[in-house]
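Each of the next two complexes has subunit A plus one other chain: subunit B in the first, subunit C in the second.
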Partner chain A sequence: MAADPRDEFEATLDRTAEGREREAGAALQRASLRRDAFYRFIKNRGAVFAAVAFVVLLGYVIVAPWVSPADPYAIDFSKAYLSPSWDHPFGTDEFGRDLFVRTALGGRLSIAIGFAGTIAIMIIGILYGAIAGFAGGWIDNGSMRFLDALYGLPYLPFAIIVLAIFGTVSFWAMVVALTVASWFTTARVMRGQIISLKENDYVRAARALGARWHRILFRHLLPNTLGVIIIFVFLELPGVVLGEAFLSFIGLGVNPPKASWGTLAQDGYTSYQAHPYIIIIPSLAIAWLILSAFFVADGLRDALDPRTKET
Partner chain B sequence: MLKFIVRRVAWTIPVILLVILMTFVMMRQIKGNPFQVTERPVPESIQRNLERAYHLDQPWYVQYAYYIKGVALFDLGPSLVQRNQDVNDIIRQSFPVSLQLGGFAMIFALLFGIPLGILAALKQNSILDYASMAVVNAGYALPNFLVSTLLIYFFALKLRDHTGFPTNGWGGWQSWILPSIALGHAPMTYFARIVRGSMLETLQQDYIRTARAKGLRWRRVVGLHVLRNSLIPTVTAAAPTLGYLIAGSFIVETVFGIPGIGRYFVTSISGRDYSVTMGITVLLAVIIIVANMVVDILYGYLDPRTRDERV
Partner chain C sequence: MRTLEVNDLRTYFKTREGEVRAVDGVSFALDEGKTLGIVGESGCGKSVTVLSIMGLVLPPGRVVSGSAHFQGRDLLTLKGRQLEDVRGRDIGMIFQDPMTSLNPTLTIGTQITEALRRHLGMTREQARKRAIELLQEARIPNAAKRLDDYPHRYSGGMRQRVMIAIAISCNPKLLIADEPTTALDVTVQAGVLDLLHELRDLHGMSMIIITHDMGVVAETADDIVVMYAGQIVEQATAYDLFDRPEHPYTEALLAALPQIEGEGIRHGRLVSIPGRPPDLIAPPPACRFAPRCRYAGEDDCAVVPPQLREIRPGHWVRSAHPACERAAETVGAR
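Now for the complex of A and B:
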């Protein structure tokens, strides 16, 4: 077995008393850093409020369709366009369907698209940015120039063309279209993170000890960007949800009777003169999500990196 | 400085070529036949003649070369669906409208966003600060289509007798106000946020303390030192603002029935009018790329420290 001596050296280091001690110290430090961040977040009343609002919205979206007696797909024209009341807290639509349940179902779809898109954006962005930043030199240069060119593409037309390539609008078509049109910022930020982390002494130390590139990247660099990644999840999620709503609103959304917040808003738009509440409710749900996610991200940034605290 | 400008301008050419190539490659993936949109089948010989007339029978790189040549000569080719119209005609008709709308929206955003940010920063943590930030956050979170619809609902329907605003169309100053506000509100909140953040940072600088310490009147400090230095970063806000305006114009033009470029884009996609879709995407991309270039050059002029980093 021709093991790389450097790997072996590193493995023995891990086994030695010194290595164990170092590991323990690292774990201790990591835990306290996280606990620190957690306390800072808890103390930030605005951020906690936003987090609660975010959870409440998720709770409504998940629970409402289970507990509500109304059938979201049953058509009953005798109940069309009922204004909000006890029986129908959000009123009913043109087919007499209960909007309290339909808004929750729409939210499920919108938020699911949001999370799927966000995860895809994170994976692509992190890989692209980390590789560019870590490799440096012409790889970094080339990939950043390519990213610059992508920044020239207009967001919505780009997403619409990708959607058109799929032909029919489906969950995954939507996710792919929105991901392809919006992973650039994450990639750029990740590259910046990796480049600044790369210069740290502990990376130099790891390198001096003979750690190979993948170990440095996955053990030392990426874990340290976790804070930024979490913040970016909360920044990208509302963007994807809003993008979906925009596409749905101009008629490129999922097919009825399924609904997302965007298609519900589009339904509401067709009858806004007589029944404005139908467009207001899904739009406010979107606004709720955007605001709560934004303030959670803001609070997380302050908590994880007190130095960059915005005055 | 001259070297910086030349390099920055020269750099846009490969970017534009790459963006056109990417759009071109993606457009070719869209299925469907622009000559077969009606019920009546087109005979094969005519189909082949049409393909030859539009160079669709050539390999893709020849088509790409034809297209680049066209773009260089400001000729985006004929519409594939509307036989008697060129893409240039369509853009000539619809683009001025979109440009006007975008211009008015931008004026609205600057006129209200910058003062709002300045006020909030100067009276930090006062009622005024909180109130204006509440407005900004609400405006940031509310989706474009809700703002558009509510503006129409209240100012063009409920208060019609007082305002005289029409609900749709584009002609005369009365029809310009509501769409401009609807499109401008998102960039407005963006400007307010940026100006506030940058003002607060400037206010903490040592040279501000020096200016105050030497007995300069506060009003003069603000006018001479704070405003000048803190408005520079707003220049960089131009790029994301342009993105907002383009994406938003799709919605606003749809809601207000404005015959602008966004509406043509949506119809061209569903009608498989490739050349119109391409033409509009390329036009928007070139606008974004040139705008980014202008911003970089302007910023390099205003803040010479950034010159080296940006090329």
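Now for the complex of A and C:
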């Protein structure tokens, strides 16, 4: 689903790694890269717009349940299937629950799962890839071939099997299910990054100081990959959110009365002809999140590549 | 007292084309408080020699044989952890390019205190205090303030001073400087060399200085080793080597120096050594300099490998025809 931008991203990384080797004395440039990157990002209107949209969505999800007087769990059949109005901006569902608040709550859950899953993917992927790349030799070879084997396994069946093993669909079951087969790309990219970084003179200098391998890896190398890690967070997040929505939609989501965007959309599916807004609103929310995150990632990628033309 | 004694060091690199004998039987000794200069052109194995001693040769490179005795221990047989304890504490090292030898994402302070905390077990506060002193010793102005700066706010010369401060932070017995001035402006070079000299005397360190700049060793070294194609070709005190070079290669190196004053002044083009350094996968069978040597062919030196021999006390040379033995026929040739 999110394969395209990631592949493209990997290609860009390869290009920058090459460029980095070519530019002798690039350390100076790289040091002030962060600030330059910030200005380049600010200049990219699409990315800034997406970032604002992302923050607005987060704001809605966080604030709406606090300020809205409606009770998201109160069942009142007299108010079932109300179309959007001032009292209920997003209308109500078949039990008369206010969808404005429920969508926000669903968003909280979806985004929380999204972030938890992304963080888990990052931690596993970064550790796996960084250690493989840093160790090199047969450790690197072995772990990468293992990864190749895992790559062949389809992602959704994997997630479904994990949920089946857990039995009940809890928050953490969902996170595990979405993480278990999604960290491969991150691991690969991290490996490549570490391999190109570990050739740096400062690594040899640190070795000459008697620094141990873990210090070199975690203190000297990983901070240099921060830019890549930030981009990857915004690339993985939509994938995890979409995966959660998909699993919820096919009936493997969190249990009612809790809701996520996926389960809300599934609720609306049964009555999409009579009351289309019930399915449209959570779907739009998902699309909003995914698009804004992708555009932010795109902007960050351009901003962090020093050879992009100033636009 | 000997600080370091290296014997028959051999470091080979496995490549697809064959084994590159980057260092092929190097031996030297360094006395306490002395400075040894290792000179030679690019690729002659001078850097690999010291990297081997430090245990910093990475695969496909491998130290094949030899020993390097330092403080009663053979560094080449030490296990990883023991060697890590020696590096940075007993032996400090300075690298060629100060622009890339500092990590751009860590502050100068973090990088200086790294060894202090690692080897001497200092607390953050103690290490910080010591780091300021070290920066002052390395003549970084406003040291206390500049401690929290990132490397990109330092100039090349200042960064090399920082590297020196880091290398001496644990009061090592031996300081290895691998082309410490090559990447610097000429105007900055002298300052860095002075600093190295001063700190060596102040802390009573021994020093190995690697360079391809004859001027640098002339100024700083007590003894000089000339390397060519992975081997030592000449070894003598600095004075003797410059005064009476014996090996044709050393002579050629010295002749290639531009001179701007004195009796040796020349006009016109700079002198160069014809030919290129040999391929170290299949080096010339006997004397490795023979293909480029103007005296080769006079005898069997291209067939019988010349040994390193002591031509007069303290002056060793690996050549079939050192200057003192051919004086008669070549007078007037140069």
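Heads up, the rule we're going with is that the second predicted complex is superposed on the first by the 271 of 311 C-alpha atoms of A that agree within 3 Å, B and C clash if a C-alpha of one lies under 4 Å from a C-alpha of the other, contacts with A are read in each partner's own complex, and residues count from 1 in each chain.
The working rule: a contact is a pair of C-beta atoms (placed from the backbone, for glycine too) under 8 Å apart; a residue touches a chain by one contact, two chains touch by 3 or more.
These numbers were taken from a predicted model, which means no experiment stands behind them.
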Quick check on the superposed pair: does A:200 touch subunit B, subunit C, both, or neither? Answer first, second, both or neither.
second
So in the superposed three-chain picture, is A:212 touching just subunit B, just subunit C, both, or none of them (first/second/both/neither)?
second
Go through the superposed model and pick first if A:63 touches only subunit B, second if only subunit C, both, or neither.
neither
Looking at the overlay, what does A:149 touch: subunit B (first), subunit C (second), both, or neither?
first
Regarding the shared-chain residue A:161, is it in contact with subunit B (first), subunit C (second), both, or neither?
first
Which partner reaches more residues of subunit A, subunit B or subunit C?
B
What is the contact status of A:246 with respect to subunit B (first) and subunit C (second): first, second, both, or neither?
first
In the superposed arrangement, what residues of subunit A touch both subunit B and subunit C?
none
Subunit A - residues contacting subunit C, complex
25, 27-28, 30-32, 136-137, 200-202, 204-212, 215, 219-220, 223-224, 226
Residues on subunit A engaged by subunit B in the complex (per definition of touch):
146, 148-158, 160-162, 164-165, 167, 242, 245-246, 249-252, 265, 268-269, 272-273, 276, 279-280, 283-284, 286-288, 290-291, 294, 310-311
In their complex, what parts of subunit C are in touch with subunit A?
54, 56, 59, 84-89, 92-93, 95, 97, 99-106, 114-115, 118-119, 150-152, 163, 166
In the complex, go through subunit B and note every residue touching subunit A.
14-16, 18-19, 22-23, 26-27, 29-32, 124, 137-138, 140-146, 149-150, 152-153, 157, 197, 200-201, 204, 239, 243, 246-247, 250-251, 254-255, 265-266, 269-270, 277, 280-281, 284-285, 288-289, 292
